[in-house]
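In what follows, structures are represented as structure tokens.
First chain A sits with chain B, and in the next complex the same chain sits with chain C.
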Partner chain A sequence: MTADALIALLPIMVVAGAAIVVMLAIAVRRNYRLTVILTLLGLVTALATLPLAAERAPLAATELMRIDRYALFFIGLVLATGVAVTLLCYDYFAKREEQKEEIYILLLTTLLGGAVLAASSHFASFFLGLETLSVSLFAMIAYPIKERLPLEAGIKYMTLSGAASAFLLFGMALIYAEVGVLSFAELGRLSATADFQPSVLIGIVMIIVGLGFKLSLVPFHLWTPDVYQGAPAPVTALLSTVSKSAIFALLLRYFVVSGSYSYESLSAVLTFIAVASILVGNLLALLQDNVKRILAYSSIAHLGYVVVALITGRVLGSAFAVEAVAFYLVAYVVSTLGAFGVVAVLSVGGDEAETLAAYQGLFWRNPGLASIFTASLLSLAGIPLTVGFVGKFYVFSSGVNADLWLLVWTVVIGSGVGLYYYLRIVLAMMKSADGVATAAVPAAPAPLVGCLTLTVLVALLLWLGVYPGAFMEMLQSLSKTLS
Partner chain B sequence: MAQTTALWPLIIYFAAVLVVVGVMLGLPNLLGQRSRGKATVEPFESGIVPVGDTKIRFSVQFYLIAIFFVIFDLEAVYLFAWAVAFRESGWAGFIEIVVFIFVLIAALAYLWLIGALDWRTRRQRRVESKINN
Partner chain C sequence: MELFLFYLSAGICAVSTAMVITGVNALHSLLYLIVSLLAAAFIFYLLGAYFAALLEVIIYAGAIMVLFVFVVMMLNLGRQTIEQEKSWLNAKMWIGPSLLAALLLLELGYLFAQGQGTAIGQQVSAKQVGIALFGPYLLAVELASMLLLAGLVGAYHLGRPLERP
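Take a look at the complex of A and B:
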């Protein structure tokens, strides 16, 4: 391995090193604040090494990883999300568990898995990254081990994730049996020249099934609401952002590099998945009274929108698909972090603030948090001036340009239905707080660190919504590097 | 076709096994007499009536030992894979395995320092610290 490759891999290695340092620090001295500071330090250092790695990009650092600007962008997204989640965890866990420091080791390993996924260009690193991500998440979801719901959620996620991984491995095995290579680029080169129809196609569909589980796409979505509800709120934020964006980054790279766009029947499968995800996610969200479950169903629908952008890459070329998917994922991550962040901040004092009743009259009790929540929800709904609008516009215009009218209409209907349940939460916050039972209202004052994080997130959300130009240009230049 | 003919002895053998086992389990049921005493279905051990059932709670330490064994033994598998390719992997491989072993040691140190290897119960620890003082 050359020095260049080592430098290109620095962001990933720093995160891995940070996990070990944090672990040893906990072993030597159990200090909650020190652990958080070390975690943040590790993440910031890793983020700081991104420009160093970018100078070497694009570079195949070992056969398993390809560090290009696409990979670095998603590594940056994953790590920045990690910083936000660390800050949200800080107050949330401060008064909760007996042994609360270990959650940060798990957080770092989750991010490590995500970063590996974003850069992987080989089935081996694909699977290793995915498992590092998922196994850390099992433990994080079930971290409050003495409570019933998190434990149940952890077990559910573990079982279904295991089943999904089995599908994934079987798909990889089928492809390997037919083609005889494991690297995406080799696969793309070989499938451009030779015709490997049946078993490669079955393999890709099985990989889509496996990733569909992790991305909670319909019909593989059944675990989503239960796990989102059961997991501690900051962990839900992590689960719904890092794992989704990293896995989708990988899926997109796989599609572009391995030449999977050439299979026509595959886009029929994806179209079905996208339409089902958008409709089922939005319609089932209407029936919920639990904020975490509403957001879970909304995330199912949002992943459906991203799949639409993925499908259009077949017609419009990969560059536009990369741009649209990357922008939508950023929009989704920022808005979702904001929404779950408010839930986490409100849950600091005691029980999870997850019923709609807990949000009644929030505007009059805590206008700041209520405005942040409103902005995040409006962004998820795709209202102009928020980043969600620009993201949805990307999806919409890619659908229109590709003449995929079924998908376009589904997106329109989905967004319309979505507006109803997002506004339902906003309405609950506007209502007067008089009739609310005091037990449902979180008593503790909102913590400082969490509120600051949320303010930064909302500023980002509005800034990218009002001035998306510079960011779009960056994505445009980046999208050409993936091929 | 050649494969199926080669498989015939195996299939017949398998069928014979099934027949023998079936006869051994089925015939006594048909031919033997039954007794329905009070203690017929109870497990019998040296004439002593069993006490309690098999659902005993094992101390969780056994489980810990098993987990530690699995973790560290699995890592040994990686070491073995490296040892086989020792010459081919050269210095780069050596450095990587040193990093790997260092991570393992760090994990062991973590387990040791947080007291995962201390298998006394909470009560035992309390009593012992009183005795020592």
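Take a look at the complex of A and C:
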């Protein structure tokens, strides 16, 4: 490995190093604040090395990883999300467990897995990154071991995740048995010259099944509401943002680089998944009274929208798909972090603030948090002036340009239904504060760190919504680097 | 003939794995799991991956599974469990895994009797495995170590004894 490759890998290596440093620091002396500071320091250092790596890009660091601007963008997204989640965890876990430092090691290894996924161009690094991500998440979901729901959620996620990994491995094995290569680029080169139809196609479908589980797309979504509800709120934020965006980045790279767009029947499979995810996610969210479950179903629907953008890449070319997917994922990550961040901040004092009743009259009790929550929900619903609107516009226009009217109509119907349940939460917050509300949530002082993080997130959400031009240009230039 | 050997050991692998997941008794399942891993090792051997077969036997079937069996048995200390352990030793318990393992042994004996250590695929030596691991797959080795770290930290946290209030 050359020195250039090592420098290009710096962001990933710094995160891995940070995990080890944090572990050793905990082994020497348990100090909650020091652990958090070390974690943040590691993440910020890793973010600071991104420009260094970008100078070397594009570059293949062995066959396993390809550091190009596409990869660096998603690594940046994963790490920035990590910073936000660390800050949200700080208040949330401060008063809870008696051994709460380890969650930051697991957080760092989760981010490491996500970063590896964003850069991997080979089945081996793909699988290792995915497992690092999932294994860390099992433990994070079940972190409050004295409580029942998190443990149940952790076991559910672990069992189903294991089954999904088995599908994934079987798919990879089928492709390898037929083509004899493991790197995406080689696979693309070979399948352009020869026809490997049946087994490669079955392999790809099995990979989609495995990833569909992790992305909670519809036929594989059954675990989502339970796990989202059971996991501690900051971990839910991590689960719904980092793992989804990193895995989708990998899926898109796989589709573009390995030439999977050339299989026509694959579009039909993905269309079914997208339509089912959007409809099922939005319709089931209507029936829920638990904010975490509503957000879980809404995330199923959102991933359906991203799949729409993925499908259109077949007609419109990969560059536009990359741009649309990347923008939508950023919009989704920012809005979801905002929404789950509010849940986390409100849950600091005691039990999880997850029932709709707990939010009743929030506007009168805590106008700041309520406005932040409203902004995030409106962004998830895709209301203009928020980043969610621009993301949805991307999906919509790519569907129209590609003449995929079934998908366009599904997106329209889904967005319409979605508005209803997002506004239901907003309405609950506006109701008068008498009676239930004060009893349901103890009036804890809102923690400073969490509130500051949320303010920054909302500023970003509005800024990207009002003035997305510069960001779109950046995405346009990076979308051409993936090939 | 090699194909027949392959299908036989693949069949043993599938049957014993099915017994693992349908078994009610943990120890019974573990015995079948060991057989399943041995069958997988035999398939590796047939394919010419001697080193992988060796590791499969030494690490999975040998170290990890035997450790599991020991832990399961050690957890059941005390007088009343002696009866239980006696019941584990009846024929119904060990005859299935033993038969399957004996079949695998016969297959291995046949291969040795042939004298050439025949393989269906290409022979891969330990040296080649090492060169691949620390050459093109160096990052995979490092990543696997981080994966193990995550698993270890998670297991430590989740498995730590709860303080009684």
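Note that in this section the second predicted complex is superposed on the first by the 479 of 483 C-alpha atoms of A that agree within 3 Å, B and C clash if a C-alpha of one lies under 4 Å from a C-alpha of the other, contacts with A are read in each partner's own complex, and residues count from 1 in each chain.
Just so we're on the same page, a contact is a pair of C-beta atoms (placed from the backbone, for glycine too) under 8 Å apart; a residue touches a chain by one contact, two chains touch by 3 or more.
No experiment lies behind these values; they were computed from the predicted model shown.
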_Partner chain(s) touched by A:E186 [first = chain B, second = chain C, both, neither]_ = neither
*Mind working out whether A:M23 is in touch with chain B, chain C, both or neither, as first, second, both or neither?*
both
*Does chain B (first) or chain C (second) touch A:V135, or do both, or does neither?*
second
_So in the superposed three-chain picture, is A:L112 touching just chain B, just chain C, both, or none of them (first/second/both/neither)?_
second
_Is A:D4 touching anything from chain B or chain C once the two structures are fitted on A? First, second, both or neither._
neither
_Which of chain B and chain C A:A124 touches, first, second, both or neither_ = second
*asked:* I'd like to know which partner A:E147 touches here: chain B for first, chain C for second, both or neither.
replied: neither
*Partner with the higher number of touched chain A residues, chain C or chain B*: C
*Have a look at where A:D226 lands relative to chain B and chain C in the superposition and call it first, second, both or neither.*
neither
*Check chain A for residues that touch chain B in one structure and chain C in the other, and list them.*
1, 20, 23
*For the complex, which residues does chain C have touching chain A?*
136-140, 142-144, 146-147, 149-151, 153-158, 160, 162-163
*asked:* Quick check: in the complex, which residue numbers of chain A touch chain B?
replied: 1, 20, 23-24, 26-28
*Please name which positions on chain A make contact with chain C in the complex.*
1, 9, 16, 19-20, 23, 61-65, 98-99, 102, 105-106, 109-110, 112-113, 116, 124-125, 128-129, 131-132, 135-136, 138-140, 142-143, 145-146, 154
_Touching residues on chain B, where the partner in the complex is chain A_ = 92, 103, 106-107, 109-110, 112-114
